[in-house]
Each structure stands twice: as C-alpha cells, then as structure tokens.
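Both of the next two complexes hold chain A, though its partner changes from chain B to chain C.
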Partner chain A sequence: MLRSRGFWISTASTVVFLVVIAVLLLTAPGIHNLHEGLFSVQDMRAALPSVWDGFKINLKMMAIAEVLVLICALGVAILRGLPGPAAFPLRVVAIVYTDVFRGLPTILVAIFIGLGFPSLGLSVISTQSPFTYGVVTLTLVYSAYVAEVYRAGIESVHQSQTAAARSLGLSYSQTLRFVILPQAVRRVIPPLVNDFIGLQKDTALVFFIGVIEALQAAQDYANVTYNLSGLTVAGLLFIAITIPFTRLVDYLVKRDRRRTQAAG
Partner chain B sequence: MEQPAALRIEDLHKSYGNTEVLKGIDLAVAEHEVVCLIGASGSGKSTLLRCINLTEPVTSGRIIVHGDEITGEGVKVNQIRREIGIVFQAFNLFPHMSVMRNVTLAPRKVLGQSRREAEANAAELLERFGLADKAAEYPDRLSGGQQQRVAIVRALAMRPRIMLLDEVTSALDPELVAEVLNVIRELAAEGMTMVIATHEMGFARDIAHRVCFLDNGVLLEQGPPAEIFSNPREERTRQFLQRIVDAGRL
Partner chain C sequence: MRILLCSLALVVAAMTAGCGSSSSSGSSSGQNSSGSTTASPHLLTPGQITVGIEPYGPPFQIPPMSHPTGFEISVVEDIVKKLGLQQSDIKWMHVPFGKVVFPGPKQWDMDIDDFTVTPQRAQVVDFSDSYLDTNAGVLVSKSGKGANVTSIADLKQLQLCAQSKTTDLDYITNTIKPAKAPLEYPSTPLANEAVIAGVCDAELNDLPIVEDAVSKSKGKLEAVGQIDTGEHLGIVFAKGNPLRDQVNQALAAMKADGSLEALQKKWFSKDLAIPTLQ
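Now for the complex of A and B:
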C-alpha cells in the first residue's frame, strides 16, 4: 500500500527529533549521576511498594474531593447566578468565596486547615484526621475554580434557551436543571478535566500536613537510601492516572457529540 | 355578532430603558381568529408577542386572556405561559434532547403527565405533522423546516388555547418555508386562535382573518387582508407594502 507524502514527512521529522533529544541527554556531563540518583531501576523497584501504598491515599483523596468539588462548585455557581434583589447576599457570599479561595495558594489553605483547625480545640472540627483536612482543603480550593468554570458554562448557553423553556411554563429551577445545566456542563468538560488534573496533582501537597501519601513515601525512601528514584516512581504513578483520565473523557465527549450533532 | 375575546390588549406600553418600543397598543383577538402582524423590522411585532406570553414584562397597560387579566400583581406566570404557546424565529429547540424529549419535557414537568401519557400525545402530534420518524433524532440533525415543525409541536403539546408565532419562517431556506406554512394553515383550519408576526405577505393574505400593520410601536391600521393589501388607508402602510412589492415578495 502506498503511504502518503505526509506520513513520510512526519515519520522522518519524529525520528530526527528523538535523535536530537537523545544525543543532548546522553552527552550531558552529569548523565551518570542522574541515571543513578533518579532512574535507578533497582531503587525504583525497591521503593515501589511503599510509594504505591502512599499513592492509594492520593487516589482515595482524589476520588472523594472530586465528587465533593463537583457538587459544591455547582452550588456556588448557582448561588452566584440567582436572580432578583432578595438573593443579593447569597451572590455576595459566592463571589467573596471564589475570589478568596482562587487567590490563596493551595499550600497555605492546607496549612491553615491542617494545622490551624486542630489547634482550635473544638469538638468536631479539631479532631479530624490529616486525610480529612486534606480533602477539605482540596474541596475548598478547587470548588472555587470549578464554580467559575460552571458559571462560564451557564452563561454560554444562549438566552433564547431560557426564553423557550420559560415560555413552555417551566419554572426558573426547572429551566436551570433540565435545559441550562445539561448544556452548560457538556460545554465545560474540557476545562473541568483541566482543573481535575490540577486537583489530582495537588493531592501531593498535603504531605505538608502529615498525610503519608506517595510523595511522602518517596521522600521517606530517599531519606533512608539517599536515592531519589522513589520520586520518579511517584511521578510515573501520577502520569499513569492523569493521561488515561484525559483520554477517557475525550472519548466520552466525542461519543456524545457524534450522537447529538449533524455529521460533517 | 359579538364573540368573547380570547385575548384583549389595552393601551400596552413597553420600554427598554428610554426607548419606547410599544406606544399604546390596543388589540382584541376573538376565539378562533387568526391575526397577522405585519410591519418593518423593529416596528414592535416580536416585542408585542413576547409581552403577551409574559416573556417580557410590560411597562404599562393590560393584557386580558379569556377574561382574566394576566398583567396584574400576583398572577401565576407559569400557569399563563402554558396556555399561550409561542414559537420563535430561531426555533430554540433544546439541542441536548431528542425530539421526543423536547416535546415531552414541559407536559411532564409542568402538567405532571406520566412519561407514557406524554409520549403517546407527542407521538400523535409528531405523526400528524409528518415527524414520526424523527422522534429519536437530535435537533441538530434535522433541517430547519423540520426543526421549526418540532418547535410548533412542542408548543402544541401543552395544549395551548392561543398560539403566538414570531416570524417562524424568517430563518428558513426558501424551499423549506412551505412545509412550515402548511402546518400553520392546518392549525388555522382547526380553529386555533393565533397571532402571527410574519414577513410572508402572500401567506398573511391567505390565512389571516385580520391583518394589523405596526409602525414604530403603534398599531397604525388593521382590517381584513383584502382591504389592507389592496386598499390601505394609511400612507405608511402603502409605503411599506410598496417596498415589499418592489422587493418581489408580494
């Protein structure tokens, strides 16, 4: 079978690109140290069990925080969009919340909550596990981002959709639920995935408040063996989760588009 | 012979900021009557329809539907909207729902029909307007004419007592206009009370019991189509119709 000209050009340019990268890396003066210190297969294998155990904490934290973020952020976005003068204070609360928590570095929120809450001496708030504080931190920070993503989506649905729904007798909340939100959420899936990948990576930040997750486990391994290959393992594990996650969502979005949109 | 008015509009004003779009409209529509609103773009036809449906709040004046004033305080807006169907120029179908769900959403959520009941009614309406095979399709996969017919069916599924049609053929390719106009003719033949804003003068002459010419927010002239189209009293009406004739549209 004859291949197109484009196929040969892209193959050739890929090969050249890879060769250039390999030559640059392999001729670097410190390549041996790098190889031993970060990519030692033996150390990676030795660090894997404890790093994997830690990573399971990350996975659990991602899963719980993502569900909470999806719900809380939607609540915030809806509050912010409520019509009428009576809802003014609710809109203000939503705006202040998003402004503050989008502005604060995640690591600071983690410290305020993970170290601040326990020292308050309150009954429920101060007696949670570092894991719970981690989940609360991520939920607070990422709900602020995701609320804005939702809001952009809601505002992107044309006014005429609301007019059509209301003209049929649907109430404001029915219109939001059945007409606006389903369209809004579909449109914001790509930026939503973006924020979720951010969240998945930020589960590593909570090692700061004492959660033994993948990064902390790799650090522990390094402290004992003076070898950082455990960190490489942690990095690979994070990539191994985020890339398939992105591709899966891409696939689902495409499938949905094929179903509802005209061909071509 | 005095018929009770299905719809009566008294001294209706509508302003957007400082711009007055409707400057005191008086209009009564009898039961089973078909009224066509004609006039240049911006003359207030669409705004008038949106006010009747309460999609736009009126600035002042009264709208009375079957004897009940709907512009007063404490009116159940959703209750009124379901009795007055409106179809828009741009169809405004819900793109994330199949045709069947587009048509059954309001009957189920607003009228509380069961899914089965709503789908049976919808299937009947779709069948009647030649859309039976499109029930499972999504709006984006239909032609403009089909989409507009679905929009009409969606409004009819609420069993409205009055239908408002807002330039429903203006967004269509010329060859798709006829199929939509035929649907409207059928509704008129069944006795549906309708107020139709349109640029299709031939159609208006054909279907309307009465034609109203709106000019700059004022209902300048009204009468039977034969009279308005062949022998308008007002100079402005004559100029408007002359422009239509010059454009080869009448």
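Now for the complex of A and C:
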C-alpha cells in the first residue's frame, strides 16, 4: 500500500515538473525561432539520411576505440603498479603518458596525429586513413583516463588480498590476474561507463582531421540550407546510443552484484 | 518628404528583390526594422553600424578581431563611407556561422564572411548584390598526386577536400562525384595543412584563398586550375532589413567609380595565371 502511494506521489511530481518546464519553454517569446531554426521537422527529415551516414562513422569509431581503450588502459595501469626498482622506467613511462594525454585537449591530439603523422613520410604510420588516425587519437586520450580508473580500482582492493594470494604461492602476475583484477574491474564499471560516454561524444572531434561524421554532416546540411535542424538530429542519434548503453550496463552491474552476493 | 523617401526605398527594395535572388522577399516580415523610418541608414544603434565577421580567412579577413584587415573589411569600410558614416562608426562583431543563419532578431546590422549566394540560402537570409564574382581554385601539393591534374575528370580519382561552410563541398559531392568520399576541414589552414601532408590530394576553395595559400606556402603548394563555378559573394542581412537596399546602392556606386575593382587589385594576387579546368 505504502509502495503504491509512493508511486502516485512520484508520478504526480514528475507530471507537475514536466508541465512547468513545457509552459516555460512554450510561452517564451522567441519559441517560433527555436522551432524554425533547430526543430524544423521538415529539415530534420531532410537532413536525416546524410547525418545517419555520418553517424555510422561515429558508431564504428566508438566500437573500435572502446575495445582498444579497455586493453591499452589496462596495460598502462598494470605498468604503473609494477613493483620493484627494476620497473622504475616503466612506471615513469606510464605516469608521463597519463599526465600528458589527460592534459592535452583532444582536438590538439587529433591534429598532431591526423595531420602530423602523414607529413612524416613514413611507410605505415603516414599512410593511414583519417578514420584510423581518429581511432588512434581517441584510444590514446581515453586510455589515459581509463588507466587511472583501473588504477583506482586496483588500489581499492585491500592489501590483505595480495598478501593472502602470495602466501598461497601465487606469483605476482597470477595474483593480479585471479585475485586483484576481477575485484578491481567490477568496482570501476560505473566510472568506466562515464568515460565511454565521453568517448562516444568525442568521436565528433575527428571532423578536425577531415572525417565527415554526424555533426559535420549536420553542419553541411546547415551550410546548404542555412537551417540548423540537422544538429538536433545528430544530438538525438547520440542520445539514442548513450542512454540505452548506460541502462544496459546498470542492469548488468546489478545482476552481477546479485549473483556474487548470492554465491557469497 | 520622409514618406516620399520611404516609399522610394520600398520601390527600390521591390525592384532589387525582383531581379535578384528568387523568392526572397515574399515572406519578409520586416520584424527587424523595428519601425525606424529615418532616411539615414537603418541601424540597430543609430550612428553605429555593427558588422559580423569571422576574421580567419586571408585574404578576405585577416585577424586580429580588434583591428581586422583584408578585402572584405576594406569593402565594408568603403560601403560605410558611401552610407555617410565614418570608419570609426563600424563595430566589428565576431559572429559564428550558426548565429548568422539562426532565425530571430539579430545583434548585427550586416554580416560579411565569404558567403556564396544561393537561392536556397536566400530563403533564410537576405543577400546584398555581389561584391565579388569568383570561381573555385584547385590547390595541390607540388610533390603530391594532384600536381598532374589537367581536367575535372582527373579530379575524380583523387582524394578531394574542402573547407566546411563553403559551397565547394557541395560541388565536389554533386558535380565532380569522386570515387573516394571527400574530406572536410573546419578552417582554411587545416585544409591547406592536409594538402601539404598528403592526406588530401586536391583542395577546392575560393580562388583568392587558393592564390593566397600558394603565395604563402614557400613553394610547397600550387594552384593547378580553376573551376568555373561562377559564384557571387554577398553580404548577409536579416530578412527584410531595409539596410540592404542602401548597401546595394553603395555597392553599385563602388562598381561605377572603380573603387571595388581597385580593392580587388589591392588584396588579390594577380600574377598567377591559372587555367580553367574543363
């Protein structure tokens, strides 16, 4: 009974909230300008085919880059956590890498790689497509962020776990593989999702190195027609990907938690 | 007297709209004139003309924003003199593309930024008469694949590129129809750099921009030809802004007395004889 009362209260407050927002927006004196400039249905429909073609490039880029980031970032996080004085240079490399690539604006990295690499005149490095340079850019930038996320997860696993594993005779790499990482990765899934959504949106930045992706296609539509509604289409497409993605991961995390708790 | 002048302006407006870009004046609501009926220029702030620019495209517009120079800046300065204002009455305002085309009241009187007049665009904004008739130039690297281009057909097999906001990308996609999808860069320097780096074999851009890039490239870049796109560049006004007719009169006077041509000679390199590609 209490539960259904809560349900009705939350429904009512949501409706009131939405109505207030709608009234504020729709009674704005310039609402017809907004409607005409950004939400013209006719223009959105006309822009959709080219924006969708562009968005397929964003999708491909995010899919490839996300897999590469998961792998590279883990490598960097492991390098950074290596014990012993002999591994010092590797730790320094990992630290410098994360510092530099988290600090540089993504657009700069895109330009350095997308226009810098081809001008070197080397055989493999200089002959890739702008799409590939875009993937490399996103992988470099986001691996730096995600490596730090992994590191936070690894350091959050209590030291007694390592001690216990080592005393059972597991090597350092076995301890990492079977004891630390499975616990660490579970804990950092929500912040990982955060970074992936950032990456998905940043696929739009590759237009700086020539790739015509969704936003650029929308800009091109605006350029021909002087109407910006294509940008709204691009925005809707991005949201249509990120929201289900977030919900799916939420669901998976919840299911996983239920399982591990049941097993424990 | 005032009424007479106004009706005269209206007649001129009707005539220029009729022979200029099609279907531009039909739905003009004139919401921007805000009822000011003075015979002096129709301005948002009396005595001050606010001009939108984006000064990143030599030789049309050259930074800094506070004291821009370049061909289009000179054109505006001449127009303003013909309107009976001083050069010091100009207020330059940085106006990005989205703000130029977005419907609703504008914060500027006119905007000049290398805009090619097309009928489709003229449904959204009003354009002045042409202040420059130009073609597209083909910019290539001297050591690249584009250096041997002698015809439009040669371009089809190359990786082409253009700068966003230009009509050249449209021309590439719909007229040249190359085998590879074209690349597009947000600014001229990035597009030029892509040509130097060999990412893009041939760039299409306004001929004066191409000539300027060649002259500054220290021998790296070359203009292999021009394509007869017959573009007319116009100044942008909010729909129905009566200032347009006064600017058109000023432009007509500048064409008659040769001052517009003098400005073109001053800002554009003319020593490059560039063949027209067929």
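In the analysis below, the second predicted complex is superposed on the first by the 255 of 264 C-alpha atoms of A that agree within 3 Å, B and C clash if a C-alpha of one lies under 4 Å from a C-alpha of the other, contacts with A are read in each partner's own complex, and residues count from 1 in each chain.
Definition applied: a contact is a pair of C-beta atoms (placed from the backbone, for glycine too) under 8 Å apart; a residue touches a chain by one contact, two chains touch by 3 or more.
Please read all numbers here as calculations on a predicted model, not as lab measurements.
Steric overlap between chain B and chain C is absent once the structures are superposed on chain A; the two fit side by side.
Of the two partner chains, chain B is the only one that A:Q261 touches; chain C does not reach it.
When the two complexes are overlaid on their common chain A, residue A:F7 makes contact with neither chain B nor chain C. Of the two partner chains placed by superposition, only chain C is touched by A:Q219; chain B is not.
In the superposition on chain A, A:F17 makes contact with neither chain B nor chain C.
Aligning the two complexes via chain A yields an angle of 160° at the C-alpha centre of chain A, spanning the centres of chain B and chain C, rounded to a multiple of 10. Counting residues of chain A touched by each partner, chain B versus chain C, the larger count belongs to C. In the superposition on chain A, A:S160 contacts chain B only, with no contact to chain C. No C-alpha atom of chain B lies closer than 49 Å to any C-alpha atom of chain C in the overlay.
No residue of chain A is contacted both by chain B in one complex and by chain C in the other. Residue ranges on chain C touching chain A, taken from their complex, read 97-98, 101-105, 118, 120-121, 123-125, 161, 164-167, 169-170, 181-186, 190, 193-194, 196-200.
The residues of chain A lying in touch with chain B in their complex are 160-161, 163-171, 174, 178-179, 182-183, 186, 259-263. Of all the residues in chain B, the ones that touch chain A in their complex are 50, 53, 55, 78-79, 81-82, 85-86, 88, 90, 92-96, 105-106, 109-110, 138, 140-141, 154-155, 158. By the touch criterion given at the top, residues 30, 32-33, 36-37, 111, 114-116, 118-119, 126, 130, 207-212, 216, 219-220, 222-228 of chain A touch chain C in their complex.
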